[in-house]
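Got some structures for you, see below.
One chain, chain A, links the two complexes that follow: it is found with chain B in the first and with chain C in the second.
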Partner chain A sequence: MQRSSRRKFLASLLGTLGAAAVGIATYPVFKYLAPSRSDERGGKVTIPRAQVGVGQARFFQFQGHPAVVLQRGPGVFAAFSAICTHLGCIVKWVPEKGEFLCPCHAGRFSSDGKVLGGPPPKPLPSIPVAISGENLLIG
Partner chain B sequence: MTGTGEAQCTTWRCLPPIFFLVALIAWVSPAAAQTEETVCIQCHGSQPGQLGAPVREWRTSIHAANGISCHNCHGGDPTDVAMAMSPERGFLGVPDEKSIPGFCGRCHVGVKEDYLASAHGRALGKGGPQCVTCHGNHAVQKASPDLINPKDCSRCHDYGRAEEIKSAVLETDRRITELERQLLSLRHIGIATAEMDGELFALRNRFHRLFHSVDVEKVRSQTAGFQTELGKISGRIAEIESKLNRRKLWGGAMVALLVGCGILSLLIYRSYRKEI
Partner chain C sequence: MGLGRKIGDYLDVRLGIRDILAQNLTRYLLPRNINAWYTLGAVLLTLFALQFATGILLLVYYNPTADEAFRSIQRIMNEVPFGWLIRTVHAVGANIIILALLMHMLSVLFMGSYKAPRELTWVAGFLLLLLSLGMCLTGYLLPWSQLSFWATTVATSSSGEIPLVGDIVLRFLRGGAMVGQPTLGRFFALHVMGFPLIFGLLVLIHLFCVRRVGISRPPFGPEWRPAEPPVAFRHEEHHGGIPFFPHYVAKDGATIAFFLALLLAVVFFAPGLFFPPASFEPADPFTTPRGIKPEWYFLWAYQTLKIFPNEFLGLAVQGIALILLLLLPFLDRSPERRPARRPLFVSVYFIGIALFIALSVWGHYS
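Take a look at the complex of A and B:
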C-alpha cells in the first residue's frame, strides 16, 4: 500500500516534469509557426503624387528601411528598396542619367531597379505602388 | 577479389565527401578562384623585382581579400595574354597623379566626391595628397583612423589639425569596429546578421566619407547623428544577446527537467523491480 502511494507520487511528479519539459520544448516551435505581426514595423505608406515629379525620386522609410519612389514617366510610378544589394549602402538617384548610383562601390541600377553595372549581384527589390486619387499608396 | 571489391567500395564511399568538400571550397572562395585565374597574375606574379612587386603587395590587400583584381582598376583583358594590356581592351595602365582620384573614384564614388570638395582635393596637382598618398596603392588595407598619424600627415603640413580630426572620429570609429566584431560573433553562432551588417557598412562608409572632407567642424557636427544610428544597431544587438541568454537559461532548465524525469523514471522502475 505504502509502495503503491509512493509510486503514484513519483508518477505524478514525473508527469508534471514531463509536461513542463514538453511545454518548454514546444513553445519555441509554436512561436516560430505563429503568424508574425506583419504591421509591427509599419504598413503601407502614403505619399502625395505632387511630391514626386516626372524623372524625380523621393526617398522615404518603408517598414523601417530606406525606400525610394520615382515617376519614371508621366503617371508611371515605381518604388524600390533603396538599399544596394551589394553591401547595403543607400543608393542615390541621379536624375541627369535617370539611374540609381551606390556611392560606396559605384553599383548602378536602372529606373526599373535592374543592375546596370558595378558589383551588385541582384536588382533593387521592388515595392508595389498604387495610385489613389492624389496620393501614392506604397506597399 | 573480395578485397578488391571492398577497396573499390571504400573508394566510392570516399568520393561523395571529397566532391562535397571540393564544391564547398569552390563555393566559399569564389573571389580567390576568380582572381587567381587572370593572366595578369599568372604573368606578373612570377616575375622578380619591380614587375612582380605589385602582385605580391596586392595579395596582402583588402582588394585581394574581396576579389578585386588587377583588371578591375587597370582595365585590359584578364583572359587573353596577348591582349591583356591592349588599350583596345580598355587597358588604362598607371594613372598620373592628377588622375588618381578619378581612377579610384570609379568605385569609391562617395569618397571621391567628398575628397574633391576638401582642402586636400582642391590642392590636387599642386602638391596636395591624393588617394595613394595616404592609403598606398597595391597593398591598400581596410581604412582606419590610424592612417591619420604624425609621420604621414607631417610629410605635408603640421599634425595639429589632423590630430583634431583624428580625435573627433576616433570614438565613433572605435564603436563601429566594436559593433562589427559583435556582429561577426553573432554570425559565427548562426544568427542572421546580414541586415545589420549592411546598415553598419553603409554607416561606416558614410562616416569615412565624412573625414575625407578634412573639415573638423563638419565631422564634429555630424558625429552625434552617427552615434545615434550606432546606438540603434547596438540596441538590436543587445536584444539578440539577451534573447540568447534567455535561451541558455531555458536550455539549462530543460536539461534539469530531463535529468529529473530520468531519475524519477529510474525510481519508478526500481519500485517495480522490488515487487518482482
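Take a look at the complex of A and C:
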C-alpha cells in the first residue's frame, strides 16, 4: 500500500514536471510562430494627389491590407478596403463603368463602395481621406 | 474504465500493441553490468530530434539567397520573438551532437562493441558520423556571414588538390569557380533535404542492427569471456538482465537531461562561444577576414593539411585514417573485447585521442 502510494506520487510528480517542461518549451515556439502584427499597425498613408487622376483608382497597402483610393470627381476623393466582402478576393476598378468588380464571383460595388450586384453581403469598408496640400492623407 | 485503458484495449485488439510494447520495453532485457556509455545513442536521438525541430522552425524565416540570407538570420536573432533561442539551440546543438557522437564512437571502440556480429552497426554508425559532419559543414554556410563564407571557401578549396579530378570536384561542390549563390543553393538543399533523408535511412538501419543483433554485453567483470565467431544468426539474449523499461529508460533520461542541461547552459550563459566576431558581419567576397578557423571538430583536419608539405598528402592521410576506422571491424577480427587484453589497440586508441586533441589545439593557436 505504502509502495503503491509512493509510486503514484513519483509518477504524478514526474508527470507534472514533464508537463511543465513541455509548457516551457511550447511557449517560445508559439511566440516564434505567432504572426507579427507590426505591419497591420501604423498610421496614415500619404499618396501624392497627382497620382490619382479624375475617374482613376490607385491601389496601395493600408495597415497590412490592400486598399484603393479613387478620385470620383474633380477634388472628390474616396478610399476603401479593396477586399471583397464576399470571399476576400481583391476587387478591380473598371473606369469605363465607374464601378468596382470582383473577378472571383462577379460582385459589383459602386464608386462609393455600395453593393450593386452579385453575392457580396456588405459594402466595401470606407477609409477616411483628407487633402493636405498636394498629398492625400489616408487613414 | 479510464480513457487511456479504453484506447489501449482498442489498439491491442486490432494491433496487439501491448505485446509489441512488452517485447520492446518491459521484457526487453539488457545486461546487468550495462553502463552509462550505452545511453549515448538515446542522447543522440534526442539531440537530432531537437535539431530537426529547430531546423524546421528556422526554415520559417530563413531566406536562402545571397542577398537575403544574412539579413534573414539577423531578423531571426533580433526581431522574431525567441528567434535567438531557436537559432542558438540549433547552432550550439550541432556542436553538442558532434561531442556526443565522438563520445559514442570512442566508447564503442574502447569496449570493442564494433566486433562481429556488429560490423554493420558500426559501419552505419560511422557513416552517420560522417554525414553529421557533412550537415555541420553545409549548415555553416547558410548564415552567409564572413565566417561562413570564408570557412566554406577554405573547406572546399582543399578538394581541388585531389589529383586529376580536383578541379571538377571543387567546381561541382561550389557550383562555380568561387563560393557564391550557386554554393548557397546546393548547400541549402543538401542541409535541409538531401542529407537528412539519407540520415533518417541510416538511423533506421543502425537501430535495426542494434535491436536485431541485441545489445552487446560490456566486456568487464570476471565472468566475461570472448564469444565464438558467429556461424549462424543469433540474437544476443541477457537472461536475468534489467528491463529496458523502466530501469534503463530512467538512466537514458538522466543522461539526456545532463546533455540538455549542457546545451542550455551554453545557450544561456555562453551564447557567443561558437560565434566569433566574423559571424556577425555579412559575407564579403572581396575581403578575407584575418584568422579564419574552422569549427573545433574540423581543426584536426585543418592542421593536418598545414603540416604536410603538400595538401594532397594531407588529404590522403585523412582519407586513409577515415577508411581504416570505417573498416576497423573487418581488420580487427579477434573476438577479445576486454581492454586490458588488447594492449596494442588500447595504446593506439589513446595515442589517437591525444593526436586529435594535440592537432586541434595546435590548429586553434597556429
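Operating definition for what follows: the second predicted complex is superposed on the first by the 99 of 139 C-alpha atoms of A that agree within 3 Å, B and C clash if a C-alpha of one lies under 4 Å from a C-alpha of the other, contacts with A are read in each partner's own complex, and residues count from 1 in each chain.
One rule holds in what follows: contacts are C-beta pairs under 8 Å (C-beta built on N, C-alpha and C of every residue); 3 or more make two chains touch, one makes a residue touch a chain.
These numbers were taken from a predicted model, which means no experiment stands behind them.
Undergrad: Determine, for the superposed model, which of the two partners chain B and chain C contacts more residues of chain A.
TA: Partner with more touched residues of chain A: B.
Undergrad: Using the superposition on chain A described above, determine whether A:Leu33 touches chain B (first), chain C (second), both, or neither.
TA: After superposition on chain A, A:Leu33 lies in contact with chain C alone.
Undergrad: Just chain B (first), just chain C (second), both, or neither: which does A:Leu17 touch?
TA: Touch partner of A:Leu17: chain B, not chain C.
Undergrad: Would you sort A:Val54 into first (chain B), second (chain C), both or neither based on which partner it touches?
TA: Neither chain B nor chain C is touched by A:Val54.
Undergrad: When the two structures are overlaid on chain A, which partner does A:Ile131 contact: first (chain B), second (chain C), both, or neither?
TA: Neither partner.
Undergrad: Identify the partner contact of A:Val94: answer first if only chain B is touched, second if only chain C is, both if each is, neither if none is.
TA: After superposing on A, A:Val94 lies clear of both chain B and chain C.
Undergrad: After overlaying the two complexes on chain A, where does the chain B footprint on chain A coincide with the chain C footprint?
TA: Of chain A, no residue contacts chain B in one complex and chain C in the other.
Undergrad: Which part of chain A faces chain C closely enough to touch in the complex?
TA: Against chain C, the touching part of chain A is residues 28-29, 31-34, 36.
Undergrad: Touching residues of chain B toward chain A in the complex: what are they?
TA: By the definition above, chain B touches chain A via 106-110, 113, 194-195, 197-199, 201-202, 205-206, 209, 250, 253-254, 257-258, 260-261, 264-265, 267-268, 271-272, 274-275.
Undergrad: Would you mind writing out the residues of chain C in touch with chain A in their complex?
TA: Answer in residue numbers: 57, 60, 80-83, 85-86.
Undergrad: Under the touch definition given earlier, write down the residues of chain A that touch chain B in their complex.
TA: 3, 6-7, 10-11, 13-14, 17-18, 20-21, 24-25, 83, 87-90, 101-106, 118
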